[in-house]
């Protein structure tokens, strides 16, 4: 633990009302042998600590340092509050997550049996201390903030434990956060806009702030509705771009081509003010609220719209490319 | 069937891809002994007919005229496309819905065993005829439209069958449509904004166009996010008003009090253009797209805001109301 | 006067320039045997005190505690500045208001002869003290404010004087304030939009913040013009909804039905920033300015629009309602 | 009458309901010895003809060609519908307008006794013919329109009658229309915003489309409220600019200086869509509706704002101007 | 120099990178026999001082008090940064500007040979003192500000030197600043919108804040593009009005007529937020950023639009004006 | 010429007024041995043809099929109308472009001496024929349009002439068009915003519709001003994104990171309506006008903003990367 001042690890807490376990990546600052700082955004674990603090009670927390990757991906979903994340992570393993009683609370608080290292402790009720500054997920250094404090009570460790680390503000941090969210958002859109094809939270926007959605649009206006669902589903999402199914939302330049050739900003861009955003977003002027933007880059269904150029396959086949370009230099043009 | 030209009844169709049954209220016009007109908005059954028509095939349809009310309420939910509505209706009964093979298609298409009357037939592929004009759910007479045609193949009837009817454009029609939607929207908001207290689609807005949401707001901006979820979840919803948990969303005058005293329109009102709306909404200038509006009538969390006047309970108790007002005239003032 | 700290009573002042008497409901706080706090919004009496203070002179004020209801209703009109309110109140009685010289100033300042109780005093020039907090007309508790002080000089009382009271922030307070305003606004609209039918300031919006206007619209755009007049006429009005003459503006659910079925927010909603509003409106971010909103819920004159469903009278007559519903349970459905 | 095809003269009609006479400038096209075309915008006379046409009856009309200027100025006021214009014109003369029975209808329809020339006739019910094109008040040639027809029945003429003419689309036409409106608008603002100083409808905007209002602002937001009143009072007004009382609203360059130095468009400019405007405004895309704009060019009351430069009077006096500039060339610099 | 505390004179500085001389009107406050205060807006000289301060070096500055008018007009152009203003001023003279080595820096810093008076000195690096308050170009008194300080080193004076002065905040100050800008902006528009006819920065808007552009529009939308160029070219310009070529942009009432009769504000007005403006603009809420507004008062090319009234020349000729108006009173009507 | 129906080649025309040659890429359709279709957008050559057609004269045109690449790059600049493009192309070669008299017009119309192939002909005055449909530069198939016709008069060809071709709607077409524009726009911004670092028109947006500008921002609001200049300079540019100098505008993912982390859309996004755009933009609802959008993704200068994470160089150096990753797999992480 004295390797450095800052780790961003999965913290497990338990909703006192429903008993559901909630697992989330929270930031811990090294403050002493048995003391950690704790930063949370106002999401599920924050709700749990809030409920404990209302009764002036400490909140049990188990910090899971290393585990199978499926554990962490499960932790990064955007499941509704009240869903037991242990159950959901089990879905990732396709069998129940193996649990074991904690050192501190016994079977009143179970911890993952296969973790390499688990720190147990309590979030002290209504105590705040200065935390940070650290590099943060948007790829920026945040300011110091006044945040919670964890007092450690025990540590459970496997022999030869591995120490996994995610490099905050870099692609491994971003990708790990984005793809569980992509799945959740996709599922929500699918139920309302059946023609949805794919949802992508690109690395360029740190896997969180931009959401590119491709749909096979069947009636006009479905595109904006898909965008509203994405904004509603995940408060990290700030800018949504909706494209037609001929555009690959995983290729940013394809998405930008659609923005360039299919958008008239006075009709296709909508801005919504004062929505809950991400506390760590450096652009927010308010602590928690910000503006959201929708860009509908789909073609209208009802009026004709110019099709994309495609060289016919047989025309391509008739050109013996290998005769004009040395084979080791062949690269397909977009 | 010759009692009148128009019935609004639950039509069952089956998704050719997933095999899921979809149940929806669709409008049928009497066109002859074995022929009905059919109006659908672009939602789930429309998708199913669209899939059959792409292969130039007729779409089997079973029209369920009378059944236990739970059947119809289940039919009016806003479940995602792909969910089997028979299963979902079973949830309403708290046991599986009893089914029986149809006359026309046998066990390839099951029909409800306890219905009073079931008409079986096919939606003819790529055939359209003039339909209407009728009174419609918004409480207005719609124009004539060019719509689908159903050719009947069989009828299954219980002895002493009841003939249930809903009076379109009147409260029984509105309430039946609103409360399954209220539950669906509530559930979706609950997962993201745990403090949501209630969702109401008031009768004044025909149980569909307005959505009043009350939340116990914990961070600023949650209110707008709840609104985005409601707009995303249900394309009928056009105007969303979000209120604090001290406001009863089922009392319209309470909601309007919040709009009066907690809204500054330049910051709290957002308008989103060109979103999929309801084809039958008489105000839409486009056939399917319209504008949506969010009114955030909640107080800010972060800055002090004036509390609502409440006469202290003990002050009320000290007034012997029955001594100044004759008991039979007592009515509690708001 | 020691019954409680706060009364909201009509204060009479006299414009030093025109000599006109101005009567208004102002809030007085009990501060001692001969001393009252005074709260005014920047309207007519505020102008009068302002004129006196510019010359560093005290402003004579007569506080009328109980009188015939017509007195108070006359006091709550929205007559232009410069109109003599005694004359206007006389219009309510259909004979001149009976006056008598005051104890303090003789016939230089007349007071109502038929009041039960009149307090006389001076607003001290350029003196301010902390006032409040009290429950206020919007139904909320306001903050403490630094406000004027009245020094009492005399009291005139009838034998067996009644002590009338209005319960601030409750319906009696709201209704008394709304209907004189409704009349004034109606008259102003009538001259420009002759088809205006009714103006209502609903109790839900504390009889002040919302204004529902019904018009028999003859040319498009008259609806927005009527709204502009209402906003101009009365700075309390914050949100105006204009409906057609088939809608009853006194039934809020009817008004909301029009909003639901006749509004497309991108064309029909207008927001105007930084207009003078009500100091006591708890939502205002500025002390005196706020945003106003117009919702035009009328149908277009120029293009066809779907009519409202009405069951033909003869069809209703053909249904012998008393044969299916026990007569004592009959209630007409909307 | 054969001098030319077009006269813009005061037409008198009588409201069948209230009996009030309404006098307005309407355009008449010469169509034959006893036949005139008639153009009206949807204002008061249009309401009167509309009422007659609803009963399929002709509308009596007396066309007054020449009279004392006070007659015409009275006719150009913006009095509310229902006010008797003969009475109002009498106010201009400071004695009742002298009337005499008409040739056609006797004392059922009185005509001005001192007019030089009066044409009597009927607007034919539900008859329309092509009218125009003519030069119109905005200073532009309008398109041909389908309009009403007047059939003449009699002519009353003084000996040595003068023939007065107004040159439509030129300053005499503009000024005559503007100053009665300025008075009406000023009066309406005065009652709500007592600090109003002057209202000007400049000739640059054909005495109708722009309204410059100067106020001695006492609380912030009064400026926008004055603008709302002006827009509400007169549908010709399209753009309102409000300035402080140190600006002369009759000097356009002074008004533009205030726009230049006291406006930030994102807060001070408001645009209201789809309001009733002027049919003859060439810029309107709709026949009758258009957009209105408010520019608030006043300084804030609440925060300090930079004062206008003024050379102190004693400094000016110390400069013996006549010693450096030849007296006949002296012209005061702004 | 002890005549008064404030002169607004041309200051010459030299870009350390390119060696180009930059000449600008900057404000100097008399602070002592060898010390001046200095106010600059963030434009070219500010860049030069900024570059010197980054190296903690004083910035040489030569203050030119009186010279041929062409010198000052050249100084007021809006040439791109990096253009040598001595060369550009030479263009005004149509021969190179005559230069001579300075007293302080010799031929490393040349000064105008024909100036009446040149003060030489250094802007002290990273020193700031209170400056002002003074009357400023917008015609208002600005607040005190913390600004740069110049230490004088030498003075070069012609025998019988004239002392020229510009009266800040008055027309001579405004006109001198406007017409070099008009030329620059015209040239930039000309390259992109060849039909541009004239550019005017009217005196009403202190020769800086308003820009009236007339164009012979050939395709729709050129008007807005011309406005974008004007806003981009000169940060003083705040409001742009574009008119057709039948409107004289040098006659403000003509421009306002176009605004009155050719604008629909919802389509023709655009507001752009948070653009660099003028520090001395008293309306700016931010120190340097403000809102810009474009008003497109041109007619559409694509749809017919009503032409302006013109009395045919031969009709005018047929009226012998001198026979009805005494010749010395003849003044042409607009 | 019978190789295919469509070539996009440089056409030379000559301004009849100034005599300047204008060179532009215009589309020619093969219509017969001596006849070509011609498509032009309303830019410089369109002005020249328009001037000839006003006099009903044919417009001489020389179509240059193959030449040195510098010739074509020079042709694609965005020089102001009136600049001689032959002179400007000479600038590219750093010596005058070699010219030779044309076959058809002799030295009244010079053609490039070093071209491989030149077709000479006339644009027929006021003749239009159907042209297209073709693939167009936005990467889409355009509709058929009614366009000009060229009648060929002569052909000048070098021995062994090369036939160069650009593949319209593909990267070679886009890049060739983008970089001369980047230079022109950069130069214009440089003069007003000296801190501009780079301008990029990315291939994703077909080298025309998006403009990414990086600036070393010195005062707030310079970013929006740079954007206004870019929009004004080139009517192809539709969306401008401005970033700080720590962002590489040539790396789209870097630009999108700035949009994600530095934008709040309610303050940083501006939309301008009805500006001249590109006729071939498939999204335009009007033939020539469209909406433009500015996204300011720069950090504020005046308030602190979170810095971008950078791993310190010495920390990187301390990690012996080659010991943990096989050298042939080393790829630098973003």
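Read from first to last, the chains carry the letters A, B, C, D, E and F; within each, the first residue is number 1.
Note that in this section contacts are C-beta pairs under 8 Å (C-beta built on N, C-alpha and C of every residue); 3 or more make two chains touch, one makes a residue touch a chain.
Quick caveat, the model's predicted, so the values are computed rather than measured.
Shared contacts of subunit D and subunit F, meaning chains that touch the two of them, come down to E.
Listed here as common contacts of subunit B and subunit E: no chain. Chain centres here are Cα averages; for subunit A and subunit F they lie 39 Å apart. As a whole-number value, the distance joining the C-alpha centres of subunit B and subunit F reads 52 Å.
Mean C-alpha positions place subunit A and subunit D at a centre distance of 63 Å. For subunit D, the set of residues that touch two or more other chains comprises 267, 273, 290, 292. Chain contacts here close into one cycle, and each chain has exactly two touching partners.
Listed in ring order from subunit D, with subunit E immediately after it, the chains are D, E, F, A, B, C.
Residues of subunit A touching subunit B in their complex: 42, 44, 47, 50, 79-83, 187-188, 190-192, 194, 218-222, 224-226, 228-233, 235, 267-268, 270, 272-277, 286-290, 292, 294, 296, 302.
Note for the complex: subunit F touches subunit A at residues 135-136, 138-143, 169-171, 202-206, 208-210, 238-239, 252-254, 256-257, 259-267, 269, 271, 273, 281-285, 290-293, 304-309, 333-334.
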